[in-house]
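Across the two complexes that follow, chain A remains constant while its partner is chain B and subsequently chain C.
Let's look at the complex of A and B:
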């Protein structure tokens, strides 16, 4: 990947509701031991998971041309929204993960689309749906309808957050969008391979 | 690249019910300990105890502040400091001192049964840092004892 300007490291954001798989996804693909800031979860949210991210997750992944992606994961709860803004600074794009088996998954995706609308509009975004195997009959159409209502053309991809291949596929899609946008703006081209 | 000017605004509140909250009696005892600390040291404007995941447990302040936001940020700082000190080859962070022109803020680890609560203190520049530290450490120890009774 090359954006010109002499940069060789780029920042991508992973966000989404608590329990969607952000920490797991970064762990799945990071080539360094990820930085994690988890604390005991005192709520019923996130499927009753024992811990929750209260700071950030951080990992790194190399592209095929010697350039690197820095991966930042946000906390999922609204009360950490001040941190969302801090972590958004400098990001080239955002991966939104949503637990498809969550009965409120549609609303949760909308919430993150709206909360990160500025970043999505200025850069690029993709949606990763986790736990799709737990709700095979739950329709996908509402996700596309919500995106269409917001004039957002984001890929929606089922993924296993534990799967390096799946998460790299998400990043491939995100980088393709970025490449397309950069080509449109005649800035430079992306050439890296995940 | 995003320049940070974008405002991230949650569109609705979706916090979930607390399931591991401390009993009210324990919270009241914590407030009592915070009051004792404030009375023992001049210049303290805000004292709070926050849960590991950023909820306020006990809180005293002479100012009107966004308590939930500060509680979340306090837990973030404690967690990031823990991670940072481990990355640089130290053990887990016990205290964080933040100095500003208008005063200082302390964040202290209050770990009970593997759960790390955070004691946060904001003090005016007239406060004596050494005294604040000394009394706050004693308070943190007392808070551990109180929380352990839950």
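Let's look at the complex of A and C:
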């Protein structure tokens, strides 16, 4: 499977731990039925299965004139981090989804912030908190403290991953950050110094 | 990447006083995930509990533990000295002498009753807390905890005045009950939640003049809150109030000639002109600027900027240049070294992002300004 990178193809990543809502979020905005991919099963004693589902999701949005925005949902498990690196190449931004009701949500967000720090620094990132209704009083301050410790200022927004409007809201914020960077640099495009 | 020098700025609207209700720290880590979620959802509702339960994983006052949890033995062994244990037991298990217990699966009423008993035990056991509580009772009887006294029940004539009043209540961490016509909002700043049958977005319909005054009452003046209403995040209420209260007018504690920036992105998604708001927020996140400068650089009106600054101020993410004036330079610096190797983007394969591309994506997603 190709991971994009062509001249008329742009990539956006959706990442986060398992169960955070990556597949649902891609489904909410993709023009095609999201595709779930499989990879070779390299796990020792893998029960004879040649392949295993790694939870890599793919959706896309056509932009006209042959241009496409590819939407990739990364596998949530660390053991597929090599795949994260491949997906990161050429991406224009990353959406990190975290289950806010997960007792370890703060640590999980930190893990993905650190894993994708290079991409976030060079492009843009947003954080969507899912299942906030299950823990409405759970503080959000630790998310902001973790971001401040990393000198990052990213939007942290409660979202319903099933809601197309909420996911478009996250992308709206991501695009606003990229536009703000363009405005600061007073040029019409960003690449190396993005 | 920007490095923010927080010391140069003053955070608006920062709460500072201690909470007024007993606050205890509860660990749910030794429950199975579904039981922990259920318990948290029930116990976080301030209308149903006599104390504030903070959900933490260490340094807690009480541990709710299911012995079937694989980590329960370790967690019991490592619990803080003197912490209260509440056992969650399957139906066929007997309780242990000297411990509190409740049955699984959890029943709402029994869970609330058992945890009420647990909080009463913690209050009785802690002379330090009783002293603090007595001190607060005395302050409440004599008026206030410092600052100008607030009337138990009062009326205001606009969302603008309501915002000013609530700001004062927030700095005192006081419960506030607000009645706007048929709408009722019950705010619990300590828990950062509010209770209402109406979403906070309804406030936008009350911008401008109202048919009747808004009634505000304190903790003892409000009517009983229905225990069936699900708590929502207080920031949602504050954001909507701040955004719609001014109608383009800046709150009196903000200054149109001062430079502002945000310390964090406000936790919002809903807004009638979301894209414009995001552009302004993205601008405020990069450099400090006066309302006029923000309006010029984002193609918005100063009135829209004022509404945004009001909302950011009320949710506590707005910072002002303490010395006044504009032209604040933020320091640029490389990010600190990460403890783990971050994914590095190959320079030769970075995407070329253009205004035209972003515009196309916006149009396709239907999120054009």
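Just so we're on the same page, the second predicted complex is superposed on the first by the 154 of 194 C-alpha atoms of A that agree within 3 Å, B and C clash if a C-alpha of one lies under 4 Å from a C-alpha of the other, contacts with A are read in each partner's own complex, and residues count from 1 in each chain.
One rule holds in what follows: a residue touches a chain if its C-beta (ideal position, glycine included) is under 8 Å from a C-beta of that chain, and two chains touch if they have at least 3 such contacts.
This is a predicted model, so every value here is computed, not measured.
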Exercise. Looking at the overlay, what does A:150 touch: chain B (first), chain C (second), both, or neither?
Worked result: second
Exercise. Between chain B (first) and chain C (second), which, if any, makes contact with A:119: first, second, both or neither?
Worked result: both
Problem set entry | Which superposed partner A:85 touches (first chain B, second chain C, both, neither) | both
Exercise. According to the contact criterion defined above, which of chain B and chain C contacts more residues of chain A?
Worked result: C
For this session: Determine, under the contact definition given at the top, whether A:139 touches first (chain B), second (chain C), both, or neither.
Result: second
Exercise. After superposition on the shared chain, which partner residues are touched by A:177: those of chain B (first), chain C (second), both, or neither?
Worked result: second
Exercise. Now for A:159: first (chain B), second (chain C), both, or neither, which partner does it touch?
Worked result: second
Exercise. If you stack the two complexes on chain A, which partner ends up touching A:8: first (chain B), second (chain C), both, or neither?
Worked result: neither
Problem set entry | Residues of chain A contacting chain B in one complex and chain C in the other | 84-85, 88-92, 114-116, 118-119, 122-123
Problem set entry | In the complex, chain C residues that touch chain A | 1-4, 28-29, 36-37, 40-41, 44, 55, 57, 191-193, 230-233, 235, 262-265, 267-269, 274-275, 278-279, 281-283, 285-286, 297, 333, 335-336, 338-340, 342-347, 349-358, 360-362, 364-367
Exercise. For the complex, which residues does chain B have touching chain A?
Worked result: 1-4, 6-21, 51-55, 68-69, 71-73, 75-77, 79-80, 82-83, 87, 114-116
Problem set entry | chain B-facing residues of chain A, complex | 17, 35-45, 48, 52, 54-56, 75, 77-85, 88-92, 108, 110-111, 114-116, 118-119, 122-123
Problem set entry | Interfacial residue positions of chain A with respect to chain C in the complex | 5, 10-11, 29, 61-64, 67, 69, 84-85, 88-92, 101, 103, 114-119, 121-123, 132-140, 144, 147-148, 150-159, 166, 168-173, 175-184, 188-192, 194
